[in-house]
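Following: one structure in structure tokens, then a few remarks.
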């Protein structure tokens, strides 16, 4: 019954690339563009391009922040390319913290699966802090580009998943941006009003120079 | 130190609404627009506008699909307004199914928390089915507007959370669209090639008329 | 008079690709991107890249749906690339039907040129059907991603043209998506509530397997 | 079967405006926004909000340009609001012309239904003219914001329909912009290099002053 | 000549709001939306809605940062609404500094008019610093959401103007976000790794509490 | 302290292209796309990709318009790619003029640095002229795609800088579009209502043919 109409479509689409527009799995071997990566040839796409298991594994929290972040951005999961979505997994040991950071290119929502997390973000125009303790099953949004953080405020390890509104939202960790590069100490002090000694100390810890 | 610059900002922003642009919590009492709802006055916004607990509660699966869907779209969680994100919770009892549906306005990613789920979507241009069994911790994407479904394929109840790339992505359940309204039986049959008897039977079950 | 300013521009634009931004005719030999195809070199573009005659030819309606669809999407007409537009021609013999389908990536407007067409779409959130008989010169919109259909309800052949809000809006024909692939019969039945026998029958007709 | 899931949706959507997001018929009584007009209450929307018959009527070409333009932009057809589409009807008597103009907010495609039309647009960066005679059934695209025109080049009246990539693309007719307002004659001459006498003559014809 | 076509337009546009779409001057008395403010009635718009003189006045740099920022965002200049642009004026006395900050909603370009400015931004993914001394006439871009700063590195006062890619890009000054609100000292320390004493000192200077 | 989290990121990002998303400096050697040029490899990007000095040089105004335009669009300054911004410098000698033109792809804001400039734009729907004399420090916006112009109305040379809301907004100079190409004289006359003699004269001056 549909054979003819299907044939018509097939004919019209023959030697076309229209299939790619149902989805656009990233071909990471090609140059990125402002809208995302060029698409992998649809004939080579399989269901495994749309499924990712990397978030099923707990991160190693044996570190000084007692936390780990596992990402499923377009670089890790090319199936997100062009779809305006990405994800991440947060493992926080007791006293674990996800340090202050922003996502320059996307908004975030966090879902608490286990434990208790104190999370907050800071308004840009008023510096008001929106800060609350989240329990299992709670979700909280962090608007695009605003500083935010998460802290395990409970007595057991916490597990949470985050979803973001871009396939590649970026992460700028304030501490790393200030203290893990070669930005001269006096410049860091001047633009942040921190003491020189404090800046030097943190550069030492984070491997910054100058 | 910052007092002066802060004062300068305050002065410039006085009697302005610029604060609203950090975020735009929906005022559902006003008319929606193509870009989302008008913003609630920022002075009335609290942290509770950014936190939602409705997904922490299991849905009632004592029904014929043995499944329940809990939504956190802008209508349920106004904090999502303008941020390009929404969420949902899927509870699937043993043999439960989320029937065939699309999200006209957004792409989706599913995260399996408990159990085993067979999920799939269908390509528009080729009708190819991308279909796989997902285990705990797996994520899978469903590109915008494409038909997809989820089935509990395990021996225990399944729990999953979905995130979508719009604050109000919509849900069109194919069965409800065909059999739960007053679209005349002969029209349904003509545009779907189903038998009249089959259409009448499903209209009876779903409360459709004509 | 303008010679100097023109020269200035020429100088500044020398060895630049800025010309491409007036338009971006698709180079279908390159990989698609989330925003569309890379642009053909402007020096090779002629007026024929902006003109398409394929919709001037009636489609063959000697088939079981008594209808034909001719597309002018980016794959057929590369001049649409990046412009947010595409078109199609619908020929419906007496009793012809364009089966239930969606366009995942675009909204549609239909213009009736000859005959009488019953057209409708179904709301996602309420399942309300918006359904009307269109006469010559009438236009009707079908919002993005919503199920819709067209039926020749007159006594003469009908001709209509559709315009869509994307260069590659896609077409998902519900019947083909369900019955023209290898999605297992029991899965189709489970996600649609159709009888196994009905599914098998339609798979037979449409060439589906499993 | 679906009753429960439907009930669940209904419950969640109660007292929500989520229905509006399937579509957003313009409420022209409210202030426009950068994304379009606020939406009419969905409960008051009927199929007639999605159907427009104004393009079925031929325009009166008994005028000096021997042509008429009928618009179906959001102001005439509120159903287009938010959908990224609009339309227009062009009637050109023998020797009729649609004068040089641009659409600041959208691209256009023209479809010739009757007669023969010479149409063209001018590239911005190179001033190259893309100019061709179109016959019945031909379509031609005019990229956003570029100067274009249409002339009846046949021996019979011509009829064409245009579709545009915005619900409100705007129309700037160059001649009207220069000669139908109070922009001082010497300014018009200075910015166009036309003779004062020519400017005065055309202001007289078009009702311009100063 | 154009009278008829003009009349036709007038007729079609009568009692419409289509004029508003040429521009959308913000009506700050109405609620903002995700796409910007609703538009002022076009009949009340004058040329003064499109002109702003507030950047012509030097800011007062007699403060501890020896700098001043004057904004022309939508709140100060409603004519920018919906146009994807805003501006600001930077006055930096000798040794003046614009502290570390981000614009969550837009990219920035700076133009140096007088003096010498050391400006830089920090990459999110690699923490690489892009840092250079700018002279009169130089421009430099700061991509959306990335931390950046400007310092007067010359022996005379510096003047610069910035343009941003949003009518309301926002400004988040890192120091103010951390030290000018009631975010508890131990939380600030925990998410930034600063010493408690340092946090208390800066809170004292900036008026923060807790 | 951050070393571990940094290491985690590094690990996840290894062999990824995620760095490119902080910015996307144009690789002009590759084909443009509807969203802009593909990105230069981030490892080859230096601060000089984000700084441009070409606007620091006065243009040569010894020409018939007594004005010069220097552009910093993506073709001249690849650092703007994907950021939604571009700039230009206008030098106007006494009596200099920037002729009537549009930017098909972007809105513009002008900032007067020296002298006095009469600037204006013309509304599309109403042909109303928004026209004013700008002094040093004034800014004025020109909405996307609308005809506008600038004239030195003072007794000294004028200098201004413009910013636009696209990396490649385009420039269509009305006079050049009409009189600097091979569009037949009778066609130009027919679509503009100018006299044949006037068209021929201007074609002669601007180098047009036919």
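Which chain is which? They are A, B, C, D, E and F, in the order written, and residues in each are numbered from 1.
FYI, a residue touches a chain if its C-beta (ideal position, glycine included) is under 8 Å from a C-beta of that chain, and two chains touch if they have at least 3 such contacts.
None of the values given here were measured: they were computed from a predicted structure.
**Q** What are the mutual neighbours of chain A and chain D in this structure?
**A** Joint contacts, listed by label: B, C, E, F.
**Q** Which chain lies the greatest distance away from chain C when centres are computed from Cα atoms alone?
**A** E
**Q** Given the two chain pairs B-C and C-F, which is bridged by the higher number of C-beta pairs in contact?
**A** Answer by contact count: B-C.
**Q** So the centre of each chain is just the mean of its C-alpha atoms; given that, what is the distance between chain C and chain E in Å?
**A** That gives a centre separation of 42 Å.
**Q** Mind checking the centre-to-centre distance between chain A and chain C? Centres are C-alpha means, answer in whole Å.
**A** Result: the chain centres lie 35 Å from each other.
**Q** How many Å are there between the centre of chain D and the centre of chain F, using C-alpha atoms for each centre?
**A** Chain centres of chain D and chain F, defined by C-alpha means, are spaced 25 Å apart.
**Q** Going by the contact rule already set, what residues in chain C reach two or more other chains?
**A** If we look for residues of chain C contacting two or more partner chains, we find 1-2, 9, 13, 18, 21-22, 30, 33-35, 37-38, 99, 104-105, 120, 124-125, 131, 143-144, 146, 170-171, 175-176, 180, 193, 205.
**Q** Any two chains that touch count here, so list every such pair.
**A** Pairs satisfying the touch definition: A-B, A-C, A-E, A-F, B-C, B-D, B-E, C-D, C-F, D-E, D-F, E-F.
**Q** Under the definition above, what is the set of chain D residues touching chain F in their complex?
**A** Listed in rising order, the residues are 97, 99-100, 102-105, 118, 120, 122, 124-125, 127-129, 131, 143-147, 149, 151, 170-172, 174-178, 180-183, 187, 190-195, 198, 202, 205.
**Q** Help me check something: in the complex, which residues belonging to chain C touch chain F?
**A** 1-6, 8-9, 12-13, 16-18, 20-22, 24, 27, 30, 33-41, 81-82
**Q** Show me the residue ranges of chain C that touch chain A in the complex, using the header's touch definition.
**A** Touching chain A: residues 28, 30-35, 37-38, 59-60, 63-65, 67-71, 73-76, 99, 104-105, 168, 170-171, 173, 175-176, 179-180, 205-207 of chain C.
**Q** Which positions of chain D touch chain C when the two form their complex?
**A** These residues of chain D touch chain C: 1-2, 9, 13, 18-19, 21-23, 42, 46-48, 50-53, 55-57, 72, 77, 79-80, 83-85, 87, 106-109, 111, 113, 120-121, 123-126, 130-132, 134-144, 146, 161, 163-165, 193.
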